[in-house]
Amino acid sequence: MNFLIVGEPLICFNPTENGALRFVSQFKKTIGGAELNVAIGLSRLEMDVTYISAVGNDALGDEIIHFIKSEGIDSKHVLRSNEHTTSLYIKEIMNESNINSYFYRKPSATEILNEKHFEEFKPSLFFMTGIFPALSCYHLDLTRNLMKSMKEKNVTIAFDVNVRRKLWSVEEMQSAFKMLFPYIDILFIGDDEAELLFGIANFEELVDFLTVFNISEIVMKQGKDGAIVKASNQIFSAKPKPLKTIDTVGAGDAFAAGYLYQWAQNSSIENRVHWGNKLAGYVISTLGDNEGLPTLIQLNRNTINR
Amino acid sequence: MNFLIVGEPLICFNPTENGALRFVSQFKKTIGGAELNVAIGLSRLEMDVTYISAVGNDALGDEIIHFIKSEGIDSKHVLRSNEHTTSLYIKEIMNESNINSYFYRKPSATEILNEKHFEEFKPSLFFMTGIFPALSCYHLDLTRNLMKSMKEKNVTIAFDVNVRRKLWSVEEMQSAFKMLFPYIDILFIGDDEAELLFGIANFEELVDFLTVFNISEIVMKQGKDGAIVKASNQIFSAKPKPLKTIDTVGAGDAFAAGYLYQWAQNSSIENRVHWGNKLAGYVISTLGDNEGLPTLIQLNRNTINR
Amino acid sequence: MNFLIVGEPLICFNPTENGALRFVSQFKKTIGGAELNVAIGLSRLEMDVTYISAVGNDALGDEIIHFIKSEGIDSKHVLRSNEHTTSLYIKEIMNESNINSYFYRKPSATEILNEKHFEEFKPSLFFMTGIFPALSCYHLDLTRNLMKSMKEKNVTIAFDVNVRRKLWSVEEMQSAFKMLFPYIDILFIGDDEAELLFGIANFEELVDFLTVFNISEIVMKQGKDGAIVKASNQIFSAKPKPLKTIDTVGAGDAFAAGYLYQWAQNSSIENRVHWGNKLAGYVISTLGDNEGLPTLIQLNRNTINR
Amino acid sequence: MNFLIVGEPLICFNPTENGALRFVSQFKKTIGGAELNVAIGLSRLEMDVTYISAVGNDALGDEIIHFIKSEGIDSKHVLRSNEHTTSLYIKEIMNESNINSYFYRKPSATEILNEKHFEEFKPSLFFMTGIFPALSCYHLDLTRNLMKSMKEKNVTIAFDVNVRRKLWSVEEMQSAFKMLFPYIDILFIGDDEAELLFGIANFEELVDFLTVFNISEIVMKQGKDGAIVKASNQIFSAKPKPLKTIDTVGAGDAFAAGYLYQWAQNSSIENRVHWGNKLAGYVISTLGDNEGLPTLIQLNRNTINR
Amino acid sequence: MNFLIVGEPLICFNPTENGALRFVSQFKKTIGGAELNVAIGLSRLEMDVTYISAVGNDALGDEIIHFIKSEGIDSKHVLRSNEHTTSLYIKEIMNESNINSYFYRKPSATEILNEKHFEEFKPSLFFMTGIFPALSCYHLDLTRNLMKSMKEKNVTIAFDVNVRRKLWSVEEMQSAFKMLFPYIDILFIGDDEAELLFGIANFEELVDFLTVFNISEIVMKQGKDGAIVKASNQIFSAKPKPLKTIDTVGAGDAFAAGYLYQWAQNSSIENRVHWGNKLAGYVISTLGDNEGLPTLIQLNRNTINR
Amino acid sequence: MNFLIVGEPLICFNPTENGALRFVSQFKKTIGGAELNVAIGLSRLEMDVTYISAVGNDALGDEIIHFIKSEGIDSKHVLRSNEHTTSLYIKEIMNESNINSYFYRKPSATEILNEKHFEEFKPSLFFMTGIFPALSCYHLDLTRNLMKSMKEKNVTIAFDVNVRRKLWSVEEMQSAFKMLFPYIDILFIGDDEAELLFGIANFEELVDFLTVFNISEIVMKQGKDGAIVKASNQIFSAKPKPLKTIDTVGAGDAFAAGYLYQWAQNSSIENRVHWGNKLAGYVISTLGDNEGLPTLIQLNRNTINR
């Protein structure tokens, strides 16, 4: 079982204090990117993961590649561009419910990727999110072509819609996702995203709406209420055990990683959802986008400790 | 006596430790920009300074505008662009003689500036550097047009060549500067810049070479050796008193500010050079691009303290 | 519409950790002062504000003046004293409900202010708080004389009682406030302050008690319950929407700023209270005394973002 | 009234951020040790306390001795060993309910202590916890011998079981504690500890179970529910007033210190429990193991401030 | 052999960065005071030292007393004043040769000291500096009276002139010191101080000038050149071995401590000067006023390590 | 060309300030270990490196393994021990020439390594230092056996003596090294180490002394003076270009890495020494033991930048 994941990694400058940026002088540099979070989640559980991307030929690009390597992810296919900077963003935390991000990601170094970079791969599962196709028209085209060729190789395709309103409009997302949905085997979508994109209020409506696209596993994430899944005519939902929330960023990515980990073990839908909830729980109770994702060795140590 | 200065301000993320960026996690945010440094230097000496520029309509742009205001500089003509981010760069200090900067400044918000924004002004002195015209062809055109119209209003024009090889090539600089020199009354150029741009080895050669452009004051900065000036057929040079160097960034801007401050007092060339050296001394013995520039009130306090 | 505000600014050394000071080694320096907070709140909403005060002729005084300028407040009337230090205090945060402050503010540099410094002004509104008259007998006399002369110029006078038991006794406050109330047009008082000072338990009692002073707008602040106001025979109260509290310091000042901003727009009492609550909400959900006060530009950005 | 306390002090490296240690680069060094916390609690209330222990002849040992001195505790009997390092541990805070500690304390420098170091002392009260005898067989033997000889001198012996499962097994604890209980006059035990060690569900069962050991004061700590005590056929329990919990480490030690302080004043059981709860409240609302323990002078200042 | 030392301790807020204070936001709190430095130097060498002083009844005063205790100095005679704050100062480090200090020390809590607090003492040596008498006329009077009564008890009196121009004028110092010199047995004075106060250019002149006061040991400190001493008709001078200078503050105090330590051992003048130089060397190669002063245990460890 | 390196990695707690540890509260965690530094140096130059070691089954061990992976070194053969902690040390920087280290490395987790873990390997070069055999008798035996079996496989053996007087005595080192020298092909030794161990004053004496061991390349490191080498009857020495020294720790390891990198390219002795000096230069001008070691990609970028 091996995973192929494509996405854009970003350097993040996190303020060390809340408030408007002009009152904050110290920042902590971390690494983010929704698809990279999923790759890390799977790799920490000792899955075989290849991450394809591109970064600038600069010190920030060096850092991202070292980080990917440190996680045991195959980084040989992260390209370097002399013409681009490595994408970054700066966070401004006014208060816990009012967070601004200022992005420096256009044009993205990932525009040097093309279909040839993917030809050699025939993974068990190919994972993308709705962020990569939002970066430019070129990225949207590339996304469709990659999905198409993976489909032709009988690769399972998983996709998390990951709405990013700063990158494109609702209308653009609607038409893009309708184009991509026919290729998708496992779809992750938040309940708020379903509402925003398609005016859909509950899971039945969502399943109805998606029937035409013939998606075999539909996973609707519901925040604190866990998730509800339809797969092979079975429906299952589960709530996570309540945990003190430190930082919700990356929780959806953690859910996808936990879910797909159990998919790779070929285990039941129940197990997939439970592990999705479990990994999301680790991430929301830890500061950072991916720092909370556990390794198998940590999970085993925890079990022993109790 | 009032000054009009145009330039691009930048947010800088400074590492709190030396070394490749992947080993540094904490950064301190400051504000830089060669022209802004000169504006600050003059304003701290209680000159009347207007700074014209443009930044993004984001929190980093807010910060720059608050900072400019805090220095008593007229900031009403710093425009906000919804289409641009505020320019920034990240420093990497391998060691004291090996410093890399990674810029995120293209396209620059300052491309929304045009000649109309300058029509209302007829300052005593108009100051620019070679960085602004390097940002794009549009910036170079705008620079020439601004200089031309200022010249027509009989405004004195001061210019610091400020070579930036990351922004344009030596050839581009040569042709650009030759186009701009005829408008210039006071020229600041480093000895290393004269060598790089025109293959010129000493001040006599420089004066010879520039004769054709009819520049009334030629100021060649010589780092630790101070500066040498030719003005109204007079030549004067002076070395600064030796000081422990903490950080040379901004020293050239400080020199220009000190020199132009005495120009505004209509004092002798000797005084102009002495104050150029003096302000440069304050800046090199302090960390930061403009933090060391003294206020009149500080200078007076120092005198009392002794 | 323009505001004239007089008060004492203070440098604050904030511990970076909770606990008795002997266990805390790092401190962060900020700037506070109740009247300055109100000035900042109004200036960020692009009101025309002049702040009159005095600080030491030292580096801490320099910092305060730069900060005031950065906020777009007219700082030309902040005097410098060679005979005084700039006032400061050190915070000790034992836990969230047990905070000690150690003040170094006596004698205050503001004792060099006198009536002549105010002669030239005839603002739309003159704002003071109960802190300034508490600093010394001289300050109390000056306060009364300033109110008297503003009254004679038909200036509207707003006053926030701002009880400070470390500066004077309840008895001193009672007699001082009774002396000042006759000059006041808009009075801000907390429900706990009304209880402490006059043994008053509810708004009707307060209105009764104050009838004799002929105050046209009486604003009783009620913490989490918002505020209740009587103005031109109209009574209105409103609760703010609940927000996670980070730091309540400055909330009362923010309320006053929001209220007076709408007063300056000549809008309804309802609007005045709503904006008072709104600004207080920004401040309590942000660390710091005035850092949370929004600018008009931020408010507009927030609206767009949603 | 004077106290003799024996225990092992530890240097603690506390992460400045939550998360797996590989994501944390900065640590803050503090000093801990359950018995030392009790010694500090009593000394800050101006009790006469001697602490007997041993540390390495290294800079960390120096620090511990300076700290003990700074608290006014007699440190002359803290020995230095050239053969041992000073014990330390590193904390890893995954989230508030998942904290790992990595100890470097074996062999402990305290193994150079022997009975002769205690011969000269005949304190009013001798205090130990279940940690010291857990460090090695030698420490267990020494504990029994010290208790025996103190008993022979008619010294009151207080003991807090302080379960440490990383140091020994439940079975080892059971047999050790049964050996030590006959010497004990005042026993502190948590309800969770009673459950773990002896399968005891409530206070009556505990009192029954302990009858055979003839312990005159049995104090069962119940976390947020305070404590329940049986002494001289009297039973008393009290809950603490609710406080926001910052950090529960050291709360049990604080309870013991407060309880024993009132024991030393010969005051009622009610007072002993109230002061136990009171000191525990100070510690849980403050970061750190002993930083929150109040001095008499602080307690008096607080009273004046209100 | 025991020492009695009187002085004023101060809390110091040290900037974590160089530059004007408005550019520095973080500060580190330390403890200073010339006389306290000498007390620490002697106590670390295991001399018996009593320090008499007074601080505010506040958290900063608590900290100073804990610190004094941690150094093994007798702190029982440090009084607490409810009417005073604990003295403090803020450092501003423009660059290594331009350091400003902003003091908040008037009135000083030490003005509650009087002769009665000293009656019980008859130390081997009484040490003061020229800072204490500079704090007010009362302090000068007290200084003279203390010296007089110590003299009557045949106590050896050591005095370091410690010029502080911010506290009093050269003229005031001249007259004060001439009044105090007749009581002094061991005088420490810097060569720059001798020049400033009495226009004296070399040691012979100094000895001549002081003949009238009948001082038995005259120690002239010469910075990097060590010191020159005249005692019992013997003259001796020695240079220290050169060390990289980190921070010269406290070097003079360290010299005095080293010198007086050997005086207390009754060793030769050579040894006194060598130990003065040695301790000064430790302090100048360490950041902080007294942090570099070594303990006997450290000195022994160092010897073993080589 | 591939390298096999065995050694013990250590976590290091570095003080953020100079001074005795009791005055330092903040520490920064890094990773060190002489052999690991060499492995990193070679891997950054894109050599194929396997590092064999063992760490505790704890979070510090996790960190070391992630770090090794991030550098592209094969980490599959770093074992985990449930019975050991991960080794660590704490630095105390009194001043630049007086640094103490407090080690917690006995027993070392590497004692779970045995010959079987090496059987599968036949690298181009096997590298060890004199630290590993110093950890215990077992380590010394294992070192000899590993060298013997590598020799039998015709593997080139490189060894850096790396004197550690805290781990063993000069006499122990002499006898150990004489036992190991016969197996060694490339020997690195400092001039000060040659002096300490064998009383040898210059290179000729060293070559003479070592003749009996038949070492084909003898490399004597001379600090600022570079190195002198004898190989295949050729002698070559070179000084590095002078650089400002920030931190000399790791310079010897960097020299070995640079030297062996060129050895692997089969280039001349001159080149080997030049690259040894070059890499040492990078490390001494950067803070940290291995942070300064450049990657090939950085070296190429630097060339372009100039």
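A, B, C, D, E and F are the chain letters, set down in written order, and residue numbers restart from 1 in every chain.
FYI, a contact is a pair of C-beta atoms (placed from the backbone, for glycine too) under 8 Å apart; a residue touches a chain by one contact, two chains touch by 3 or more.
Quick caveat: nothing in here was measured; it's all calculated off a predicted structure.
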Target subunit D, source subunit B, minimum contact steps: 2
Copies subunit D and subunit F - rotation angle from C-alpha fit, nearest 5 degrees: 180
Chain pair repeating B-E, as identified from C-D, D-F or D-E when over half of the contact pairs by residue number coincide: C-D
Copies subunit C and subunit D touch via same or different residues, half shared test: different
For subunit A paired with subunit F, centre-to-centre distance based on mean C-alpha positions, whole Å: 41
Mean-CA-position distance for subunit B and subunit A (Å): 44
Approximate Å spacing (C-alpha centroids) for the pair subunit E, subunit F: 47
Per-residue overlap in subunit E, given as positions that touch at least 2 other chains: 20, 25, 62, 66-67, 100, 298
Inter-chain touch pairs (all): A-B, A-C, A-D, A-F, B-C, B-E, B-F, C-D, C-E, D-E, D-F, E-F
Contact set on subunit C toward subunit A in their complex: 243-244, 246, 285-288, 291-292, 298, 302, 305
Complex interface listing, subunit D residues touching subunit E: 57, 62, 66-67, 69-72, 80, 295, 297-298, 301
Residue ranges of subunit C touching subunit D (in the complex, touch as defined): 17-20, 23, 94-98, 100
Complex contacts: residues of subunit C adjacent to subunit E: 13, 16, 20-22, 24-30, 56, 58-60, 62-63, 66-67, 85, 88, 90, 92, 100, 102-104
